[in-house]
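Dropping the structure in here first, questions after.
In order of appearance the chains are A, B and C, and numbering begins at 1 in each one.
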């Protein structure tokens, strides 16, 4: 490759407030068109925006999660443009004084600087009717609170971008800021990309790529764009600064039909909203309320719980799953065993049933109890798996499931001693062979005893007794 | 009759609300064909309001405004009643929500007689830019009533309501009050909620009161001021008790007289009349203080840049899609809204939108909007300096008395320059009251303004009240 | 100096259609108006700009849901509605 790509991101995240950012309509998804709209968010004359306290809190949390400074003073501005999904014909955003600035996120040996995070309102949605040649405007999404995260152009590879986006999504989820679903649009990534020759210090002209709704399409779009821009430069042509739309079906990007005149957003201070002042103390209070971030949780899992790095990452990648795990180990701190059961049997059943951990009809305590029963010798490891499967199907406590399904191992040591002695005396030659060093024969004895003792016998118990008897007879 | 006296008459059953309301409706029918001060007359609603108010009075539960017939400027949203801003754009717009001031008036069962005429979107000082035709001055129907609250001022002057609500962005209450010989109060920015006031320039707009006396303006302000959760630019500093200083002696009151407000641009008759008022105050043992506002020559330009920039953005929502005039032509979204706005807005509104977008557009923002904002800060600071040496400030309200219709409305620059006496008050967010201090050789009223410190409406109301009690007012001819 | 091209640009930004004749006329008016506005250029750019007093974070609106307006209310002033939506010519 003759060129180095230079990539920066603009990430929009829908915040998880109860009400919208400048009015009290519910911040929800779905429903009938123009059903969650009031005079304010539909831009009726004479109405005024009123800032939602929790939108500021969540934006500050996002900043803390991404290593930003939360600014004491932040202010709102108007971004003016006409579009049918924008009823006031301006978007309220933060231009000159954003809530957060100067963050830093480390990915794959590179430091990615966060330029700023600011609060803004989302626009509505348009539904197009080709037959009638009309577009229909639905304002339900108008005023949904967003943050926009703007990075410096610090990325040089596709992988860095992908890992970064996953990391951001995870941190926002952990911080309770956003549910961060690329596919559903609650997290939207725009990529600014330019290329420059290897020996150059000067960035090239960039294109902005929109409509990227998966980690995979982010990668494909960047790769396509690098190729497209390289070809242009190879031919001695210039890259045009423009916005391009990624087409997932064709895997290419196309210039969006540019608006008739160049964008001139005519930003100016929003006169209807006084700037917001947040004290250092209030910022510390928000910081204190921050939940544990994924990187901290990773340290806890690997250092304190001694989980293998890969297992820790797997658990943390899904916050709900990880919270479930945490609840289970808080009841019964067998970290590794619970991790194994969850990453093994629980995950397998989640995949098979298409459920998420939030939908399962059993509790973390039930998982803890299952492991405890195994440890106590009440059930076998195989039985634990069966219990998980049954809990998936029909719920119920592990105790009851074990009983109902005859999975309880009896504690019948006395009886077993007799059976073991019987087996050993019936197989004297084999015992001798074992004692002469053929230790593989231990399995043979196990099998014999198991067969004689019947289902539900604790193998560990048999093993213990066998070991004892075989060495006693020496 | 003062509102206080009217209150007593209603409460003592000397007069019923129905009789009172009927008499106003009758006068409106008789006089308003000529004056054109109302866009919408709410006859049915007013009668219903009157009946409800009377029942409350009969139960002995009346509040300050119960049964008092008022007019409302047509840029204040009234639920279920057409609210047009005197524009073709909103010719048929019926809000489904009330402005906060309307909720307050309704909660006291005031009677709403109708919605008053004005300059289109409150942009103007003559009430000639209304889509519904020009308003006439009750002292001389050939003359303009001032603006933009010209309908409100005329309705008070001609006795077509007990008092009126207007709005003031750069003088839109005080100047028409001056032209029509009534009293107009523009409170401190943030005193009355703007929720439901169709915005012209958000950082300058303030609802206020036009009435027969300073006391009446304070009487109404007491009922409609206050911090509003729906408008976070309202202030908790708004204090109430606006009549508390009425009757106080003026002795020792320091009245600043900034010399720049008495320049050559001000008509001699106006200057003489205002200076005579100053002498009156001196005779009451008030102290006159020479003061200065060096930045006044920049005020009109700064005001027009800021107000037009905000207006360009505030009026962008009028695209004919959600409400308002929608053009029959336009195959694309762009064409449709551009045609709707072409057809829906009048010339002055279009000029202000172009000017505002000029001031905000890339390459011009720093030179115009930002410098205007610097001048705004400077003027605010100069007011603070003046107020360090005085309690209130006395200025003319307008450079001239009411002029003949058609005289200067078609010369925008001339119109803009005539706002010189009023715009700084909005720029600095201060309260000011205009009251009549004389009449010119044609018997047209001359107004003076008393400007107060922020949230100190009580002092200017009491000073204006003292003056009014010793002043011989001439009635309007119509 | 305001010329017709600039007025046309402002008209585009403002989304207002003008005829050629109107554009000529308003260009002359705008030129007069801008001459008046040019006075603000006399201020020293070291002067601070005007700002509104901030509100405290603690005084912001509590995040509580209130009932939205009815669909009927929202749409009743519109001249073109379909399927509970505002209708515009198709945009790309």
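Here is the rule we go by: contacts are C-beta pairs under 8 Å (C-beta built on N, C-alpha and C of every residue); 3 or more make two chains touch, one makes a residue touch a chain.
Please read all numbers here as calculations on a predicted model, not as lab measurements.
> Which chain is in the middle, if each chain's centre is the mean of its C-alpha atoms?
Taking the mean of C-alpha atoms per chain, the most central one is C.
> Name the chain whose C-alpha centroid is farthest from the C-alpha centroid of chain B.
A
> Which chain pair shares more contacting C-beta pairs: A-B, or A-C?
A-C
> Provide the C-alpha centroid distance between chain B and chain C, rounded to the nearest whole angstrom.
Chain centroid spacing, chain B to chain C, equals 23 Å.
> Nearest whole angstrom, what separates the Cα centre of chain A from the Cα centre of chain B?
Inter-chain centre distance comes to 56 Å.
> Centre to centre, by mean C-alpha position, how many angstrom separate chain A and chain C?
Comparing mean C-alpha positions, chain C is 40 Å from chain A.
> Could you pull out the residues of chain B that touch at least 2 other chains?
Where chain B meets two or more other chains at a single residue, that happens at 93, 96-97, 203, 229, 232-233, 312, 316, 319, 321-323, 333-334, 337, 357, 361.
> Listing for chain C: what residues touch at least two other chains?
Residues 9, 13, 15, 51-52, 55, 61, 69, 86-91 of chain C each touch two or more of the other chains.
> Got the chain A residues that touch at least 2 other chains?
39, 42, 50-51, 82, 84, 135, 137, 260, 264, 266, 271, 274
> Which chain C residues qualify as touching chain B in the complex?
Chain C residues touching chain B: 6-7, 9-11, 13-18, 26, 29-30, 32-45, 47-52, 55, 61, 69, 73, 76-80, 86-91.
> Please output the residues of chain B touching chain C within their complex, sorted ascending.
Residues of chain B touching chain C: 92-94, 96-97, 203, 229, 232-233, 297-298, 300-302, 304-305, 312, 316, 319-324, 326, 330-339, 341-342, 345, 350-351, 353-355, 357-359, 361, 366-368, 370-378, 380, 412-413, 416-417.
> What residues on chain A touch chain C, complex-wise?
17-19, 24-26, 32-39, 42, 50-56, 73, 75, 82-84, 126-130, 133-139, 257, 260-261, 264, 266, 269, 271, 274-279, 282
> Any idea which chain B residues touch chain A in the complex?
My answer: residues 75-77, 83, 85, 90, 93, 95-97, 99, 194-199, 201-203, 229-233, 309-310, 312-313, 316-319, 321-323, 333-334, 337, 357, 360-362, 365, 369.
> Using the touch definition up top, name the residues of chain C that touch chain A in the complex.
9, 12-13, 15, 51-58, 60-66, 68-69, 71, 74-75, 82-92
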